[in-house]
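Shared between the two complexes below is chain A, which pairs with chain B and chain C, respectively.
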Partner chain A sequence: METILQSKTKTIVISPEHPFVMIGERINPTGRKKLGAEMAAGDFSRVRRDAETQVAAGAQMLDVNAGFPMGDEPTMLVTAIKTVQQVTDAPLSIDSSVVEALEAALAAYEGKPLVNSVTGEDERLEKILPLIKKYNAAVIGMANDETGISMDPEIRAAIAEKIVRRAQDHGIPPADIIIDPLALTVAADPTAARVTLQTMRIIHEHLGVNMSCGAGNISFGLPERPPITAAFLTMAMTHGLTCAITDATNEMIRYAVRASDVLLGHDEYAVNWISEFRQKKAEGSKQ
Partner chain B sequence: METILQSKTKTIVISPEHPFVMIGERINPTGRKKLGAEMAAGDFSRVRRDAETQVAAGAQMLDVNAGFPMGDEPTMLVTAIKTVQQVTDAPLSIDSSVVEALEAALAAYEGKPLVNSVTGEDERLEKILPLIKKYNAAVIGMANDETGISMDPEIRAAIAEKIVRRAQDHGIPPADIIIDPLALTVAADPTAARVTLQTMRIIHEHLGVNMSCGAGNISFGLPERPPITAAFLTMAMTHGLTCAITDATNEMIRYAVRASDVLLGHDEYAVNWISEFRQKKAEGSKQ
Partner chain C sequence: MTHEEILKGLYDNTIIGKAAEVKTLTQQGLDAKLEPVDMLYKALLPALQEVGKRFEVGDFFVPEMLMSAKAMQTALVILRPLLAAKGEKTLGKVVMGTVKGDVHDIGKNLCNIMLEGAGFEVFDLGVNTPPEKFIAAVQQHQPDIVGFSAFLTTTMPMFKVNIEALKKAGLRDKVKVMVGGAPVTAAYAEIVGADAYCPDASSTARKAKEFVGAAGAVPGGALADAVGAVEQMMSVVEPESSKQ
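Up next, the complex of A and B:
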């Protein structure tokens, strides 16, 4: 199952046979007040820099979110998308829960984007799926609905299936659906990671769609989060996770993803690994 | 399934419900010429220091090997065991392929040791299993035999079952057998890690015994080995690995193991994780 995303000039394939795709998470004013205030004031220089930094770190795609209380989200999102498209050919994930902003961004985007995201709620599905079809996008489907986030893997998987079937009703193939099995923090519920992994097992076996998650959520509230996030990404990759919205600039996370690619056969004879290491060694000797 | 190891004063339990057990690998003259020469000359000060360092780093058990070309292995192994027993109460893994050395070390060891190791070869089983029974030890069973190391998970699992059944014939319960599903390097064969993981799946489902491996072997020959070893340990822990002979002094490996303990529910509410981080932070602020 291959999910194909495109910018104007570049194609990225998300699939179990391809290297894991890191979708850079940084361009998001949630929790970044300074960024949000700048964007609301029309200053997108940080957006530009963050795009360049994440791509340089190895993110193959970038998530772009412009949700900020003081701002005009549709306008800000379009400007952010256009800004990022100027500095990188990485395909983008358009991240908004405001349908008007989504539609404006989809109209401005050049290529085949990923939309982040839709849930299992009928109201959301019926608003967003037609846009996905209209603009030939792919979409991340969150495995929760109006009843909330279930800790039962079977229920999460059932919502995932509902999203895939509803998308098919709208003429959207399963290859354009990436399911997010939901990562909640183990700090609040020690079973949280195992619930996500079991959900992935079921979805992998029964639906076969690509899967994504906001991996950092698994460690929220704990000290030393990167090693926990990194270990969770590794575990999830053995259960069918093929991409994640994550911090590609964090070395521990990047190492875990790339090492797992080697171990799972997505980097035969460790060609990518070895070249990344040579580059690191070369940079180190320049210092 | 609980495998219980003991020193004179301390008990360590290896099981899927307990934290992962790191068995420190450093006391081994293979590839450490200086150490081997010192031991052959009767100098065990480095053995003493390495024992202390590994335990301080968090290894719950220590592997002790005295196989060195120039030395009298039985004598060296007994001295090494006694030396280590003086400085730590961590239970030990007695590591030798020389039956005479094994027997001497088992007689000198105080407590219930782990023996590293036996293979599926009839000759080895019939020589070593009676010693295991006589000294009430536990033993690591390697999933290879006189035909070599198979890349077929079913064959490896069949050898594992042979070892468990033969041990039962000798009055040794499955709880005292830890199977090593064999980790070969992905540098030579890109399928190596997946073969090991699949072997573990079969053994976990059909035999339910504890499992160990020399995790570092998976990355032999590659640059930047620790992240690959660490990712492999994480993957293996989701497939039933409950202990490993590894380098507990390597922070990346230690982090991966402890983070995986949190994610898999062996460290409820991350109590151990948080206290290890507090200690690290405290040590950092002293510098």
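Up next, the complex of A and C:
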């Protein structure tokens, strides 16, 4: 299954046969109160820099979140999206669950965006899916619902299936649904990663849709997080994960992803791997 | 084993999170006529304090924190009824929950640990808690305090919804409302009409004690220290798991 996402000038394909898509996570004021305060004050210079840095590091898409306490989220999100679309041609993931902000952002976006996200809750589905249809977007569906997050992979997969079915009722094809099987921190529960991987396998085999997750969650609360996140991504890629919201600027994470692409045959003739090597070599010789 | 050996064993094993050993030692302590109060104040709480210190300087991590809390929990299960029988009553009741639409629970759980450690009885409603469930729990348990946790800017507005629901149910003046979570600020807490903003687990316990008029009261001394020691815990835990 191929999920197609676009900016004005660039198309990205997410599928189990394509290189893994890293969606840069940094444009998000949660936990970055300075960034949030700047955005609320109308200063988007850091957003611009973050966009450029992440794309330069190999992020094929960027997540854009403008949620800030008492900030005017619709306005901030629209400005952030316009800002990012000016400096990069990477398709965007519009990160909000506020309907007004999403609607404004979808109207302002040029191309076909990803919306991050909708849960399996009926109320959320009925609010968000019509917007996805109206603006011909794709959406991340989180595998939790009114009952919370299950630690049973079958239940998470069932919620995923419900989201896909409900989307179809709204005229949205399964290709435009990317399921998030939910990566929780192993620091709080040693079974967390295993449950997520099992969920991925079931969804991959039974639904065949693309999957994304917030990869960094897995290593939260541990020292030396990048190796944990990187190992998780490598495992997840063998279980059907096709993209992730992650830190592409971290070399360990980026290498794990790109090396797995080579090993899984998604980077044919290791073209991407070699070109990154060559680029690095060129930068090295310049200095 | 002497009383000192048992207390030292409790202290050491609580720090390294050996729940089975802590359980055995607690039982041995009772068999050897050790006072439950002594086991609590001379071993368990100082151990939690030490864990908090190590966490603060980056020598301990979330899983170790949780293991220690779990080990202490096994002792408290045995000791709590005995402490209650001896008139060591709880400081008060707290209903806690992550608001509707939000499934982040690590921060709330650490707050629960510190509240219980400070002597409160905590009723945890879990995550994604709708207003009705908060109302029902407040009616049932008649707590002194209710705490709302939210990790997302998109779920923070539930604070106000919950507070309105409390008003509508005629319960608003019966409880103090505490709010917290990564994106929350003191200004926001005030705007939605909460009584306190709690930026971390230790301040949650401290505020709770203020609300029940127990700031500095027994069991305040050792407990207050234990609470203070874990001061940085939440600031380490809160900022990041937002990368969803």
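General remarks:
By definition in this document, the second predicted complex is superposed on the first by the 286 of 287 C-alpha atoms of A that agree within 3 Å, B and C clash if a C-alpha of one lies under 4 Å from a C-alpha of the other, contacts with A are read in each partner's own complex, and residues count from 1 in each chain.
Here is the rule we use: a residue touches a chain if its C-beta (ideal position, glycine included) is under 8 Å from a C-beta of that chain, and two chains touch if they have at least 3 such contacts.
The model shown is predicted, which means the values in this text are computed figures rather than measured ones.
Within the superposed three-chain model, A:70 lies in touch with chain C and out of touch with chain B [touch as defined at top]. After overlaying the two complexes on the shared chain, residue contacts for A:215 are found with chain C alone; chain B is out of touch. Look at A:37: by the touch rule set out above, it reaches neither chain B nor chain C.
Touch criterion met: A:260 reaches chain B, while chain C stays clear of it. When the two complexes are overlaid on their common chain A, residue A:175 makes contact with neither chain B nor chain C.
In the overlay built on the shared chain, the residue A:187 is in contact with chain B and with chain C. Once chain A of one complex is fitted onto chain A of the other, the partner contacts of A:223 extend to both chain B and chain C. Residues 186-187, 222-223 of chain A contact both chain B in one complex and chain C in the other. Of all residues in chain B, those touching chain A in their complex are 186-187, 190-191, 193-194, 197, 218, 222-224, 227-228, 230-232, 234-235, 238-239, 252, 255-256, 258-260, 262-265, 268-270, 273-274, 277-278, 280-281.
Of all residues in chain A, only 25, 28-31, 67-71, 73, 96-98, 119, 121, 124, 144, 146-149, 180, 185-188, 214-217, 220-223, 245-247 touch chain C in the complex they form. Chain C makes touch with chain A in their complex at residues 58, 61-63, 66, 101, 103, 106, 109, 126-128, 151-154, 156, 182-185, 187-188, 191, 237-244.
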